[in-house]
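The following pair of complexes shares a single chain, chain A, combined with chain B in the former and chain C in the latter.
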Partner chain A sequence: MRGFILKYFDLIRVLLSISIGLTLAFIIMFLVSDNPLLSIRSLLIGPLASRSRLSFIFETATPLIFCGLAASIPFQAKQFWVGAEGALYFGGTLGTAFALLTRFPSGLHHFLLLAFVFIVGMFVGLIPALLKTRLKINEFVTSLMFNFILYYSGLYIINFHFRDQAAGYLVSNAIPKTVLLAQFIPRTRIHLGIIFALIAAFLVYIFLFHTKWGYEIRMVGANLSFAKYGGINVKRVILYSIVLGGALAAMGGMIEVMGIHGRFNWQASPGYGWNGIMAAIIAGNHPLLIIVTSLFISYLITGAQIVNLVTDIPAEMVTVIQAIIILLVTSQAFLEFWRHRLIVKEAAKDGSSS
Partner chain B sequence: MNPILEVKDIVKVYPNGVVANRGVSLKVEPGTIHALVGENGAGKSTLMKIVFGLERPDEGEIYFKGKKVKIFDSHEAIKLGIGMVHQHLMLAPDLTVAENLFLGIEPRKGVFLDIKKTLKSAEDASKYYSLSVPSRLKIKDLPIGVQQRVEILKALVREVELLILDEPTSILTPQETEVLFETLKGLKKIGKTIVFISHKLKEVKAVADLVTVMRDGKVVATQMVENTTEKDMAYLMVGRDLSFEKVEQSLKVGESSLIVKDLSYMNLERRPVLNKINFELKKGEILGIAGIEGNGQTELAEIITGLRTSSYGEIIFKGDNILGHLPRKIREKGVAHIPEDRMKHGAALDISTQENLIVDRYQKKPFSNILFLNWKNINQYAKELIKSFSIATPNAHARVGSLSGGNIQRVVVARELSSSPELIIADQPTMGIDVSATDTVHRLLIEFRNKGAAILLISADLEEVLKLSTRILVIYSGEIVGEFVNTPDLNGKDLGPYMLGIKKKEVM
Partner chain C sequence: MEAVLKSIFSIGFVFTILRVTTPLLYASIGVAISNQSGTVNIALEGIMLFSAFIGVLVSALTKNLIISFLIGSLAGISFALLLGYFSMKLKANIILSGIALNMLASGLTVFLLYLASGDKGVSSSLNSLAFPVVHIPLIKELPYIGKALSGHNLLTYLSFLSVIIFYILIYKTPIGLRIRAVGQNPNAASSVGISVFKTKMLALALSGFFGALGGLYLSMGYVTWFGRDMVAGRGFIAIAASTIGGHKPIGVLLASILFGLTNALAIYFKSLRVPSEFIELIPYLATIVFLVFYSLRTKEDK
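Our next item is the complex of A and B:
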C-alpha cells in the first residue's frame, strides 16, 4: 500500500487538489447562493445534460489543447514563456488577413494558411526567445508584455483593414469557404480542429519523448548546467522551444477562426492562452495528459456558464476553482509531509530488519 | 561510567526523500575522543547535526548526561554544553579573533562593548586551553588552520563539555592536522569529550580512543581504537579490503597530449583566479594537481573542457588550440570530464539513469537516427554500463536522484569513461563518495592510464594525489608553485608548505 501511494503520488496529489478545489467551491456556493443544490448540479451535471453542451466542451477544448501544448514545450525546458495568449490572438489576425487576401482551391488553401500561421507564430515566439538568449532578458516578462502588443496590433489590423463594415460590431469579413473546417458531427459545432488538436498532441508527445530535440529540451529543463556540460547547445534549445510554443498557439487561434466563427470576432482576448497554461501545469507538461486536462478545464468553463445562466452564481466562480487547483498542484510542499512520513516509516522498517 | 551522550534509534529522512539515519544508537563516554567514521553519505554528519540541534530527527531519543533532552536549535545545544565545529567554518571574517570568540556573549560596559575586557578574556581563554590565537587580528587575515582553532576556542569559551568536530582535517595540510591533534589530546586531558567525524582512518588511529563505524545510515560497530587496525575499520566501512599503497608507476609514458600555455583567467569580480599556468601532460601519465580547495582548480578544469569562457592563453590538444571551443567540440576530440560538482554538472537528478548516461552521445548512432531516439538501444546500452560499472540501481529507468552519492558518481564515471577518451579531466573524482566507489574510480583511472590515456587528476585529497599520480603539481592562489615527480618516499609533508603558499619553487 505504502509503495503504491509513493509510486502514484503525483497523480494522487492532482486528484486531491481537484477535489479540494471543488469542495471549497461548493462551500462558497452554499454560503452565497439561494439555491446551492441547483448551482452545484448545474456546475457538475449541467455540462453533460445536452448535446449542444457536450459539444461546447469539445469546441472549447480545441484551442485549449493547442495552447496547452504551446506552453508545455518551453515549460519542459523550464522556460516560463507565457505568450500563448498573444500568439493565439495574433495568429488568428494575420491568418484571417492571409485567408482574405489569397485565393487557392480548398485543401491547398487550408495547408498554405496553416503553414503561414505556423510561421507567424514562430516569429512571435522568436522575439522573447532571442531577447532571452542574446541579452538574458527574462522570458516571462517579455512574453507577458508581448501579449498586449500583439493584442492591440491585431485589433488595429482587423479594425482598419479587414473590418466587416456591414456588421454592427468589430468583426472581420467572413473568410472564404475554401479555408473553413468542416463541422463533422451533426447538430454540433465540433469541427476538424479537434482532430488536428489530437494529432498535434500526439506529435508533440513524439517530439518531446522520442526525438533528439525533445531530449535536449528535457535535459535543459532538468538541469541546465548538466545539459551544457554534456555538450548540448543550451541557447539553441531555449530558442526553438519557445519558437515552437509560439507556432502551436498561433495555429490554435487560426483553427478556432476556421472552425467555429468563419471570421475573426475576438474584440477582447479570449483567454484560451491562459487556460492552456493551466492545462499544461495540471498535466505536468505531458502532451497526452494535456488532452485530458484541457477537456476538464473546458468542462468547468461550460459548467460555469450554465451556472451563470440558471442560478445567481457568476461564471467567475470557476476561476476560483481553477486558482485553488493550480495553487495546490504547483505548491511543492502540499502533501509533502505525508510523503515524508511514508518514507520515514519505510526507513524505520528497513533499519529494524537488519 | 555513564555515557555523556546517548542517542537511541534515530531516524532521519531529508525532505528530498534521502534517508540519512535508519535507527542509529550510539553511546559516547565522557573524557574520550570518540571517532565517528563512515563513507560520505553514511549518515555521520547528519547524526551529529541532530545532536547539535541543526536537524530534527523524525524518530528517536537523545540523552545528555543521563537526562532525556529535546534539542531544537544550536543555542539550546550550547546551553546544554554541546559545541560543534563545522567543516566550513562559521566565523565573521571582518571581526577580530577576540570579537568572534565572544560574539553574542560579549562583556559589556553599560550599553557599549567592553573591548578591553573582551581582549583580556580572549587571551585568558587562549592561555587556559593552551590554544594560541592572535586575538587582535581579523579572521580573514589568518590561515585556515588558525581559524579552525578560533572556532574550537569559541566553543570552549561557551563552556561546552562535548565538542563535535565535523571532518576537521579536510581543510588542513598535514602539518596543521598534527597541531590540531595535539590540541584535541590536550582538551581530553582537561576532561572534555570530543566526537571526531572523519573518513580518514589514519587520523582515527592517530587520535581517537573509541571508534564507531557507520554504513548506509546504520551503526556497524563500536570498538576500542587500540584493538583495531585501519584495515579492520575499512573492512567494516565497506565490507571488503582496500589498498592504501601507492600504485606502481606506468611504464609507457608517451608523447605529449595536452599543453597548457600561459593560461590566465579572471572571474566576474575581476579577481585573477588563474595566473599564467603552464604545464604539459603526456600520454600514459596521471598528472596530479594538489592544492587546498578554491585555489583555481575547478576553474582550470572548466576552462579546459569549455564550460568556462573568457580566459587567456593556449590549450593545445591534438595540435589544436581548443581554448574557447564549445563543450561538444572538445568532447568530440576525445576529452572526458568528471566534474567536481556531480549534482550540478554531472547529472540531472530528476531524470532516469539511462537518460543521464547518454547526454554526450544521444545524437550519435546507435542511440538515435536522423530524427528519433532509439530507446531500445539506449536501454540496452544503459544496462551494459550499469553492469560493468556495478551501479546499484533498481533498473535503468530509476531516477538518478534516488541513488546514493557513490552510485551517482558511478553513473558519471561510467558515462565519461565509456566514450574511449584520450584525455580525462578528473576533478575531485572521489570527493564525498564511499570507499568502494572510490576504489572503483581509482582502478579505472589506472586502467585508462595503462591504455595510454592522459589524465589530469585534480584533488584536494592529498592521499589520493600521492596514491595515483605520476607527477604532481601544487597549485596555490591560481599559480603552479611546485612540481614533484611522485617517488615512493614523497609524502604529504613535502607538499604541505607549497599548498600553504609558504614555499614556492621556480618551475618552468
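Our next item is the complex of A and C:
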C-alpha cells in the first residue's frame, strides 16, 4: 500500500487538491445558497443530464486544450509566457479577416486559413520572446500587456472593418461556408476542432518528449545552468517555445470561430486562455494530461453555469475553485510531510526485512 | 487637434495627471517594497482588486470610512501574506501562485458582488462611500497651480506622502535595513540572525498595504463604485514602473508620474476622432515601450 501511494504520489496529491477545492465549493454553497442540495447536484450531475450539456463540455474543452498546450511548451522551459488569452483573441480576429477576404475551394481554404493563423500566432509570441532574449525584459509582464493590446486591436479590426451592420451587437460578418468545420455528431455542436485538438496534443507530446527540441526545452526548464553548460542555445529555446505557444493559442481561437459560431462574436475576451493555463498547470504541463484536465475544467464550467441558471449562485464560483486547486497543486511542500513519513517507514521496513 | 493641444497645456491636465497617477503610485510603492526584500509581488493586481471590493462592501454596510479603510487594507495585507505563505512555506512557484491569487480575486469579487448586489458588473446599487476631497486653504488661493494642486481626493495626497514614508521606512529604520539586507543577500542576513521568512513576509505585508490603498482609491475616490476587473492591469503596470524606477523612492515616483502622464494623455486624446480602441491600448503599449527604452539604456551603461 505504502509503495503504491509513493509511486503515484503526484497523482494523489493532485486528486486531493481537487477534492479540497470541491469541498470548499460545497461549503460555500451550503453557506450562501437557499437550496444547497440542488446546487451541489447541479454542479456535479447537471453537466451529464442532457445531450446539449454533455456536448457543451466537449465544445468548451476544444479551445482549452489548445490554450493548455500553448501554455505548456513555454512553461516546460520555465518561461512564464501568459499570452494565450491575447493570442487566442487575435488569432480569431485576423483569421476571420482572412476568411472574409479570400476565396478558395473548401479544404484548401481551411488549410490556408489555419496556416495563416498559425503564422499570426507565431508573431504574437515572437515579440515578447524577442524582448526576453534580446533585452532581458520579463516575458510575464510583457505578455500580460500584450493581452490587453491584442484585445483592443482585435476589437478595432472587427468593429471598423468586418462588423455585421445588420446585427444589433458587435459581431463580424459570417465567414464563408468553405472554412466552416463540420459538426459531426447530430444534435450537438461538437465539431472537427476537437479532433484537431487531440491531434495537436499528441503532436506536442511527441515534440516535447521524443525530439531533440523538446528535450532542450525540458532541459532549460529543469536546470538552466546545466543546459547552458551542456551547449544548449538557451535563447533559441526560449524563442521557439514561446513562438509555438502563440501559434497554438491562435489556432484554438480560430478553430472556435470556424466550428461553433461561424463568425467572430467575442465582444469581451472569452477567458479560454486563462482556463487553458489552469489546465496546463494542473496537468503538470504534460500534453496528454492536458486533454483530461481541460475536460475536467470544462465540466466544472458547465456545472457552474447550470448552478447559475437554476439557483442563486453565480458561475464565477468555478474561478474560485480553480484558483484554490492551482494554489494547492503548485505547492510542492503540500503533503510533503506525509510523503516523508511514508518513505521513512518504507525504508525501515526494507531495512528490517533484509 | 488644436483643441486637444490647448487642453493639454492647461491646469486641468495637471490635475488629471495627479488623479490617474495615484493608483499607479501606490501599486509601484507596493511592488518596490517587496522587491527590496527580494520578492516580486506578482499578486498586486489581485490585492488591489480585492481591497477595492472589500472597501466598497464594508462602506456600504457600515457607512464608516475609517472601518472601511482598515478592513480594506487588512484584506490587501492578508492577500499578500497568502502569496508569501504559498511561495515560501509551501514552496509553490511564485508566479504560478500569483496567477492563481489574481484569478481568485477576479472570481471572488464578482461572486461576492453578485451575492451582495445581484449584479455581476458594477456595484452601483450598493450605497458605498468615497474618501473626501480636500481643499487646501492657502494653496487653493494660488493662481494657476492652486487649481491643479488643491481639490484632490485625500488618498491622492496620501499617495505622494507615501513616497516619503517609503523612503524613511526603507532607509531610516531598522526594519528597512533588515528588508534591504535580506533582499541583497539572504544567506548573509540569516547568518547574523535575521529571519529571512519573517522579513520577507513583513515586506509583503507592507506591499499589500500600499497595494490595498491603490485599490481603495480606485473604488472610493477615482470612481465611487466597484466594477468587475476594474484594476485593468495596473498591478502589472506597477511592476514595470517599479523596475524602471529601480525600486527606489524617487525613481518609483518619477516612473509612476511618467505612466500617469501617458494615461492622462490617453484620456485627453478621447476627444480626437481616433477609434476608442486605440486610446484604450495606449497605457499597455506605453508600458512595453518604456521597458524597452529602460532596458536599452541600462544595456549601454554596462
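Everything that follows uses one rule, which is that the second predicted complex is superposed on the first by the 345 of 354 C-alpha atoms of A that agree within 3 Å, B and C clash if a C-alpha of one lies under 4 Å from a C-alpha of the other, contacts with A are read in each partner's own complex, and residues count from 1 in each chain.
Here, a residue touches a chain if its C-beta (ideal position, glycine included) is under 8 Å from a C-beta of that chain, and two chains touch if they have at least 3 such contacts.
Treat the numbers as computed from the prediction; the structure is a model and nothing was measured.
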| item | value |
| --- | --- |
| Partner chain(s) touched by A:Arg339 [first = chain B, second = chain C, both, neither] | first |
| Contacts of A:Lys136 with chain B and chain C, given as first, second, both or neither | second |
| First (chain B), second (chain C), both or neither touched by A:Leu327 | second |
| Partner chain(s) touched by A:Thr211 [first = chain B, second = chain C, both, neither] | first |
| Comparing the two partners chain B and chain C, which touches a greater set of residues in chain A | C |
| Partner chain in contact with A:Ile195 - chain B first, chain C second, else both or neither | neither |
| Contacts of A:Phe148 with chain B and chain C, given as first, second, both or neither | second |
| First (chain B), second (chain C), both or neither touched by A:Val32 | second |
| Intersection of chain A interface sets (partners chain B, chain C) | 336 |
| Parts of chain C lying in touch with chain A, wherever the complex brings them together | 42, 86, 89-93, 95-97, 99-101, 103-104, 106-108, 110-111, 114-115, 120, 232-233, 236-237, 239-240, 243, 275, 277-278, 280-281, 284-285, 287-288, 291-292, 295-296, 299 |
| Residues of chain A that touch chain B when the two form their complex | 210-212, 214-215, 218-219, 222-223, 225-233, 336, 339-340, 343-344, 346-348, 350-352, 354 |
| Chain B residues touching chain A - in the complex, by the definition given at the top | 9, 11, 13, 15, 17, 19, 22-24, 58-59, 217-218, 305, 307, 326-328, 331-332, 337, 339, 344-351, 355, 359-360, 362-363, 368, 371-373, 375 |
| Chain C-touching residues of chain A, taken from the complex the two chains share | 32, 80, 82, 131, 135-138, 140-142, 144-146, 148-149, 152-153, 155-156, 159-160, 274, 277-278, 281, 314, 316-320, 322-324, 326-327, 330-334, 336 |
